[in-house]
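Each structure below appears as structure tokens.
In the two complexes below, chain A is the common chain; its partner is chain B in one and chain C in the other.
Presenting the complex of A and B:
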């Protein structure tokens, strides 16, 4: 009897461990979704500093990337530029934050994709860590109240973000 | 062996196991953080060792050569220098990355299961083994009372030994000796 009970417990423990093995260790829910965006000040590639306070009241797409992040960052780069072209005049800001990279690599990447939205380098990684960034690329969507409403790990597409941006723009101002 | 010494011996085993496990569970009193590591780098290293490197698989921030881990170590040093405590810094990383960032699950609530299951499994295994051995020894003693030649042998293969009945091996021997 005891033996059967012990066996049942052992099988239960193994089942739990087995279920854990089937989960993707890189799929992590961000604890920051639904919370205020960490404040940052980002030195931009073409001079000046972008402060997060200056973005208040706007819908913002924050994208963390690196020039060595191939192919995902290369895949999504044209999509981010298209979003900027499409929504920039409606007050949406796309911000590129280059992390774990060289200055030359970052500049070559921006030139290659003709990116015109603000891009800066987070040299110490403190902005990335504040955002809980796990890898590149990672993209965060911020609403007008400055809350993070969505996080995506991996390459984003125009469609993936457009629907969410439209929804945020439709929420009164 | 009287019942009393047996019980005492059992308690000794339990106490030895408890002593071996207690420090792992953090039941032993830890020294205050300031006393343990007066040096800033050593304290930063100790904090980094408790954090999972986000871009690695199962490596601590202290051990990882990844750039993000190096940046995290630099940030830990800066925060220590600014006067933050170890627990404040750990809380900051948990705030940004979730509990996932901790290499060791915190000892509270449902997470105790993770800490206690291995110890419980060891104790259960020991109890099973002890029960099995006790039964086997009792069976051996009972048969030795009935027959002085208690061990199985070529001549007497059907005698139960310490592992209970020894079946086939003895029978083969018997057959060959019959021939």
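Presenting the complex of A and C:
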């Protein structure tokens, strides 16, 4: 009798702990998901300024990063470049926004990973504030209507974004 | 090079573990097991020691090609914290865990082979199996020696909260020692169940380990509370955080185990119960490991999300179900030896104390996992806060404290009329203390009752110690001589009384600091005087200094007696200058405040620099005045010293 009771309690506790594995206590859904992207103008590292209006009608990946953000930003950097290589021709834009960093650090990072997509520095941190960035790296996916459809905190992978990008590209047609 | 060596060491350790398990299986039928498996266990310990040494070399030498090193240290991390980075993140802390476990396994496997040969196969098997499990995590999903594809120029550094206080070097390893130490009594209990229904020597063999693990858990909890008080800047020391709870749970059951093991050894009672407590205490350490390392609950202590959650859960499930099966098989065969006992006896009080401790553990457990239950069933996010825990734990804790006093006054077996009379005197003293407290203006029923319970238990311990001292004084010893001699002669008994006394003092500190805490949050100009709880504080200036790893801004605050300053209407003459500061670490996004504390036996003045503006010469101060905080540390220290006294090996 006591054994069955103990077994029932043990199994219930294990099940609850197991269910807990599928949740992320830090996941706080961004209130911006479903909302229009905050307007920004980003001075690019290799000259020129990227304005958010110029991105209208395109699927955009906005990635906030810093060269000291170790190892997550280093992990995801090649994935972002691969996404740009893979989807750039189909009108997808990857934008890197460097925050809380030095100019030299940002340039060295871009050189190391051979990044060719537009990267700029948010010197005042105002873009990050408008997006509600909590930490680096954070990545936002924007649809053709300029709405934020997805937010990810932590390193992204090519696979994670590719499926969503495909869906957005298919939708737009 | 280091990474490769570390990985090889861990693989060798795992291989030794498996070889040891095979040797245990082969040796299980012999009356005195051969030395084979014990030698393998020593091999495991040596190989894991090599891995730890290599990891420390990488941390101290700054080998940023290793991912773990790059993510927990950088070029400016001071040496102490480079060394302590071993337990600064998930993989390293598991390595430390495996190291402690391997060392204990080797010790037990060598010593108990001849000392407790009947228990040995099960004991060594359980410990080696555990080692194998943790080593498998280290060579698999939580590899501390994983390398980075690109070697970064510098690492990202330890979490600033973790490198702000030297206790960081002490609190985690001591707590781990307690966690891992609980595996040893469990292993002995399993060895006993496997050996047969009469293998009751496991309790006697385990007692130093039970006490040692309890002591390490106590010290770990106390150091953690102190670290939280000194570093986190909220003026508190316990937040009912899931991970604090996870460490408190095995402490509660281990406290019950310390007492029930005493009854088992002395009276042959509570045999099955003691086995169950050893099992539950150990399983709760696994639950704690799971909660801390799987990322299921958000906490200041939780490590980042990791892939080892499922593996830990599988290990926990296997241990739980295996233990249950073993208990179902063997417990019905265990017979109590002693007769039914009197209610007015120590063994009866131990039973009550066990029931209350288990009720506390159940409450804390339910409160901790409740958010998981709710999210699993309804998808809602909830948190269970301190009000729930305080409401439920306070009455249980006070009842437990009162029982502690009563158990000290009563005898083993049956108490005499003289004992009961003495109980009456102690209770009268406690009542007088409670009435005096109420008369002196202490408010709140719970607080007044708490004063009574603390006085009761403290008086009971003091009376017992005094009785022993008086016997020796009658034989012509001086008072200090008699005190030392009586304690040393019956070390276990008097160490127990001193631990209880320490607990009473610590509870007094907790009650005092919770009952009347005063907090002031103010924006002040440099030179302006703030009054808080009888103190006058003045920010004298704002200063800044650069250190290799951080920039520090501090505000010297002159503290004076508030009443005198008001009456005189003059500049307050400073008693003391406190220096609360804010630390801006490289690579950290928010500053970490370091509170400044003026501590006396009556109360603590705790000042935090929350913010500052050099332009307008203003600072935001949080001032907390809480009574009796230092009693917590003093009482806790007494518990640890007294526990160490009981643990000290007997003279041969």
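Keep in mind that, in the parts below, the second predicted complex is superposed on the first by the 146 of 173 C-alpha atoms of A that agree within 3 Å, B and C clash if a C-alpha of one lies under 4 Å from a C-alpha of the other, contacts with A are read in each partner's own complex, and residues count from 1 in each chain.
Simple rule for what comes next: a residue touches a chain if its C-beta (ideal position, glycine included) is under 8 Å from a C-beta of that chain, and two chains touch if they have at least 3 such contacts.
Bear in mind the structure is a predicted one, so any value in this text is a computation, not a measurement.
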After superposition on the shared chain, which partner residues are touched by A:100: those of chain B (first), chain C (second), both, or neither? both
Per the contact definition in the header, classify A:31: touching chain B only (first), chain C only (second), both, or neither. first
Now for A:13: first (chain B), second (chain C), both, or neither, which partner does it touch? both
Tell me the contact category for A:126 with respect to chain B and chain C: first, second, both or neither. first
Who does A:111 touch here: chain B (first), chain C (second), both, or neither? neither
Contact residues common to both interfaces of chain A (with chain B and with chain C): 3, 6, 10, 13, 25, 100, 135
Can you check the complex and tell me which residues of chain A touch chain C? 3, 6-7, 10, 13-21, 23-26, 68-71, 74, 100, 112, 135, 154
Mind pulling up the chain B residues that touch chain A in the complex? 54-55, 57, 67-68, 71-72, 74-75, 93, 95-98, 100, 117, 121, 124, 128, 131
Give every residue of chain C touching chain A within the complex, in rising order. 67, 70-71, 148, 150, 152, 154-156, 287, 290-291, 294-298, 302, 305, 309-310, 313, 316-317, 320-321, 324, 327-328, 369, 372-373, 375-376, 586-587, 589
Residues of chain A touching chain B in the complex: 2-3, 6, 9-10, 13, 25, 28-32, 38, 99-100, 124-126, 128-135
